[in-house]
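In this document, chain identifiers A, B, C and D correspond to the written order of the chains, with residue numbering beginning at 1 in each.
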Amino acid sequence: MPLLEVSDLRVNYGAITAVQGIDLFVEKGEIVTLLGANGAGKSSTLSAIVNLVKPSSGKIMFDGQDITWKPTANIVEAGISQAMEGRQIFPRMTTLENLHMGGYISTKEEIEVGIERAYELFPILKERSKQMAGTLSGGEQQMLSIARALINNPKLLLLDEPSLGLAPMIIQDVFNAIVSIRDEFDTSILLVEQNARVALAISSRGYVMEKGKIVIASTAEKLLNDEKVIHAYLGGESKALREELT
Amino acid sequence: MLFQQLINGLTIGTAYALVTIGFTMIYGVLELTNFAHSSYYMLGAYLCVSFMNLIGLDVLGFLLGTIGAILVCGTISALTDKLALGVIRKRGGAAISALLCTIGIQTVINNAIILGYGSETRQFINVFNLGRFKIGPATVSWMQVIIATVAILIMLLLTFIIRRTKFGAGMRAISQNQRAAQMMGVKVNKIIQWTFFISASVSALSGVLIGMYYRTLEVNMATVVGSKAFAAALLGGIGELPGAVIGGFVIGVLESFVAGYVSSGYRDAIAFAVLIVVLVVRPQGILGKKIHHKV
Amino acid sequence: MKILDISHLTIRFGGLTAVNDFDMSVSKGEIVGIIGPNGAGKTTVFNMLTGIYTPTSGTIHYRDILLNNRQPHEIAKMGICRTFQNIRLFDKMTVIENVMVASHTRTAERFINILTRSKKMRKTEAAVESNAMTLLELVGLADYRYEYAPSLPYGLQRKLEIARAMAAEPEIILLDEPAAGMNDRETSEMAKFILEIRDMGFTVVLIEHDMRLVMGICDRVYVLNFGSLIAEGCCEDVKTNPAVIEAYLGKEVQLNASTRS
Amino acid sequence: MKKLFSKSIKRIIEKWAVNEWKVAFSCLIIALALPIVLNTRYLLSVMTICCVNSILAVSLNMLTGYLGITSLGHAAFYGLGAYTAAILGTRFELNIIVTLPAGMIIAGIAAFLLGLAAIRAPSRHLAIITLGFCEIVKIVELNWFSFTGGANGIHSVPRISLLGWDLSGKYAKYYLALFLLILTISTISLIMHSKIGRAIYSIRDNEIAAESMGVNVFSYKLFVFTFSAMFAGLAGAFYAHHFSYVSPLSFTFEQSIVLLSMVILGGIGSMPGTIIGAIILSLLPELLRDFTTWRQVIYGAIIVILMVARPSGMLGKYNFKHIRQQVKYSKLLTKNENKPLEKMTG
């Protein structure tokens, strides 16, 4: 049985249907990528899994229990953590306090271990530990948001565009970190990412969403070689682009 | 004279400070100006008198009555959140809609009190009768000492809760980013309801203490204290507990000085004038921190 | 022709020096990139350029006018307009209204004309609206004109911000991470679009992490690290500069960039 | 059932939005014709008060709904207008042709000076600053006995007359109030449908972005603050002549709250909503007159229930101009392509 199993999930915002009945699953210890253009419904899917956005119908099974429409706090306790898009940090808390909030449901010892690990992952956060999170730069807030989601040692980590606004060197660090999170802690990861090539490189499988529906579900390798996917999401080469432009 | 004014001012200030604390707690969590807050101050005092009439006009009656008043006010406050304010939040109503809702709640409570108890001034029997003593030229009553002690204990307790406990961390998280707080596993609605409970309890306690200090209850006591608490909260830097306390004291002392040295008619006017000047000159309040917003 | 000249620009917040002794100049018709690690002070430079922050020391000259103590709205009127890293649209206004707001500085209207709704005023309004429509068509948002801005997908919101900045008819347009949150395909489109903007006569200064976009379209690049300039020059020089590789690009990404892109 | 209900509401709102002018015109005709049926002194007086309160609510809506600044002191400017008219009327026996503009100007000057000092403050501070200003004005009215008559107020403000015509009859006063209301509504609407209006909305939505697009946030805020106070002053000046009596107790902070309630209840930022809110909250106390003791409790409960049932006020969710545009546009699309708006939901 998969760790996470989503079936026929639908999400409406008023009149607009953002997610129109999708099925997906994540096995234990797996990294899965959700691809798609802007507005395809990827972020809505993630939010619906943790009930931050109420699904209008569908079923979400996690670790053997039905978590559809459960309060978010209970879903977090069950073992799902999400690093949110758009730098959802606590601006008037210091970096360290933000990390402590990440361990809201954990014990003191777990938090200590988690914070050590976060600092290893993103050394700049240690330098900024006493600084108010609201005064961090955009990229630093992004790192903080990811680090914070890891403190409570989740079974499943949902990452919403982890590379958004990050410098190239840091992106590499983040993706390395994602792999090591899976390897060392046996955490499964569901990833939404625009940086498709890098994301697929570390994933075992991927889904492609279009207008609220899943149009392709396949292994990462196949997706990387799929003409349609390359055309739609992976783009040309840097040099090619330059030539194309000049 | 000067010293006496100061002591009287501090006593009134204590009451303002207690009411302000509750007020600022709710503002801190929800950025909601809770107009109903001062109503619990009045309701608490009236309920305590009712309970005392039932139980007995002695120290035991007073203590039980106070506890009863606190519990009832807290419960009503928590229920208003569960049944009204929380629903507005859930439906995505604007902040100002919740504000109007609290005005409605205030109107209901204040007028229900008039309906139930009549609009004439009522006696609050002082069960302690402890007398007074002199410090230098000023006279201090033991009642003032009791009020100050209880108030300081409550303030310390609340500061501890907010700064050191998980509950407090949850409150602060909600105030800064509700979505993220949920994602950390914070039970948002539960914490907000408890915040409403605590804030109304403190307000009710303050009403009981001040009622006993003045020995009278009036139907306009809520509105008098309401705008002062509002002012004190902003003066101290809204959302900051120590700020609320200082704000309360400043308003109390200021008032009693103006009443003593200028004219009691202009007492409130000058308190507000000072407040406006402070807010214009130092928008973050006395203790509020200036935050550098990222653009 | 130099139109923007920044020299010895420094800003401190409390004890923290966010930007230190930064020099930059921009000529008409250029596309200039500012890159650097997160927290290097890139957006802070934009904030000083647009008057949101006041520099601690140093000068910013735009066509020989000192910008240091100018209000943001004055600077917008002079001809520098921007987009925001964390999108700042007008949430309760429609897409087209968002763009129309920015025409503000380009139209003057007497109060009496507004109260009488004179012919001249209606004519100006119509012109503002058609200008906004043209811009929306240009960025491909014409179909969304009467939608509310927040209902647009993230990538389109970025485009809307650019259209809005263009409606202010600035000489220099500042783009803060225009391709953030876009996939490679969309990034290529954005790159092409920025070149189009330049060809329309705008001068562009942009902050961006996507090296494909920066190296693909920028004429010159400035690299910031910890608030200080560590390199500047044309793309090829910067790309191979060891200091830049160490602080920003990273060796692995160099590798990765060749496999990936 | 619920879905059907909300669908039919949506249809009604759409119809209303598309025909806004027709609806407004019909309302005007009704307002003009009403005195034929409701012709007692009491009823006409209630209707006149509805008009006065609508002027106040519409002007406050400009500040709170359109610009996004919550004011708890609108009654202060209302009071300043009333006292100006009362003092000019009783001491100098001046006519409304002088006192109405004078009330506007005095309220405007007061707002301008207060705004000059305070309008840069964050919104939540402005709420308390305006509240404080309201209290100060009340206290000055109460204590400056020689000038304002203190708690007794000012009696026998001259009756309304214009160019020798006596306009103090029950009908004349109602029509004059209605005229002032229409003047207020049209002035504010015209402004909001211009580039000034766009700038005001943009400030409400995002101050920093507005400033960066060249909108001078400070001067616009000051302008709206002053402008809305001027109309409150106008309403106050009319009030003084209408009742020929002013007292500090009519212009308290509680009155400000009632005005704010009208705006929120009807739907913040919606002109028709604000007027409906003003009419409801003006009529409610009259309707509850028979339940004197219970009146305030019921009044409060109704506000709570209405807010829980419709958190954005009655019409707050609907921007008629936008609905009109959307309806027009979708018609255009269906005509051209004969297929649903796939693009619009993407």
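Throughout what follows, a contact is a pair of C-beta atoms (placed from the backbone, for glycine too) under 8 Å apart; a residue touches a chain by one contact, two chains touch by 3 or more.
What you are looking at is a predicted structure, and each value in this text was computed from that prediction instead of being measured.
> Of the other chains, whose C-alpha centre is the longest way from the centre of chain B?
C
> If I rank A-B and A-C by number of C-beta contact pairs, which comes first?
The greater number of contacts lies at A-C.
> Chain B to chain C: how many Å between their CA centres?
48
> Can you compute the centre-to-centre distance for chain A and chain B, using the mean CA position of each chain? Integer Å is fine.
Result: the chain centres lie 43 Å from each other.
> Counting in whole Å, what is the centre-to-centre distance of chain A and chain C, each centre being its mean C-alpha position?
28
> Would you please write down the residue numbers of chain C that are in contact with two or more other chains?
13, 43, 52, 84, 86, 153
> Please list all residues of chain D that touch 2 or more other chains.
Residues 208, 346.
> What are the residue numbers in chain B that touch two or more other chains?
In chain B, the residues touching two or more other chains are 292, 294-295.
> Show which residues of chain C lie in contact with chain D when the two form their complex.
Chain C residues touching chain D: 50, 52, 71-73, 76-77, 81-82, 84, 88-94, 97, 100-105, 107, 109, 114-115, 117, 121, 124-125, 128, 143-148, 153, 164-165, 168.
> Residue numbers of chain B touching chain A in their complex, please.
166, 169-170, 172-173, 176-177, 179-188, 291-294
> How about chain D: which of its residues touch chain C in the complex?
Residues 187, 190-191, 193-196, 198-199, 201-202, 204-206, 208-217, 269, 319, 322, 325-326, 329, 343-344, 346.
> What part of chain C is in contact with chain A in the complex they form?
13, 35-40, 43, 85-86, 151-156, 177, 180-188, 191-192, 195, 209, 211-212, 215-217, 247-250, 252-253, 256-257, 260-261
> Name, in rising order, each residue of chain D that touches chain B in their complex.
Listed in rising order, the residues of chain D that touch chain B are 64, 70, 117-118, 120-122, 124-125, 127-129, 131-133, 135-136, 139-140, 142-143, 208, 253-254, 257, 260-261, 264-265, 268, 293-297, 299-304, 307-308, 311-313, 316.
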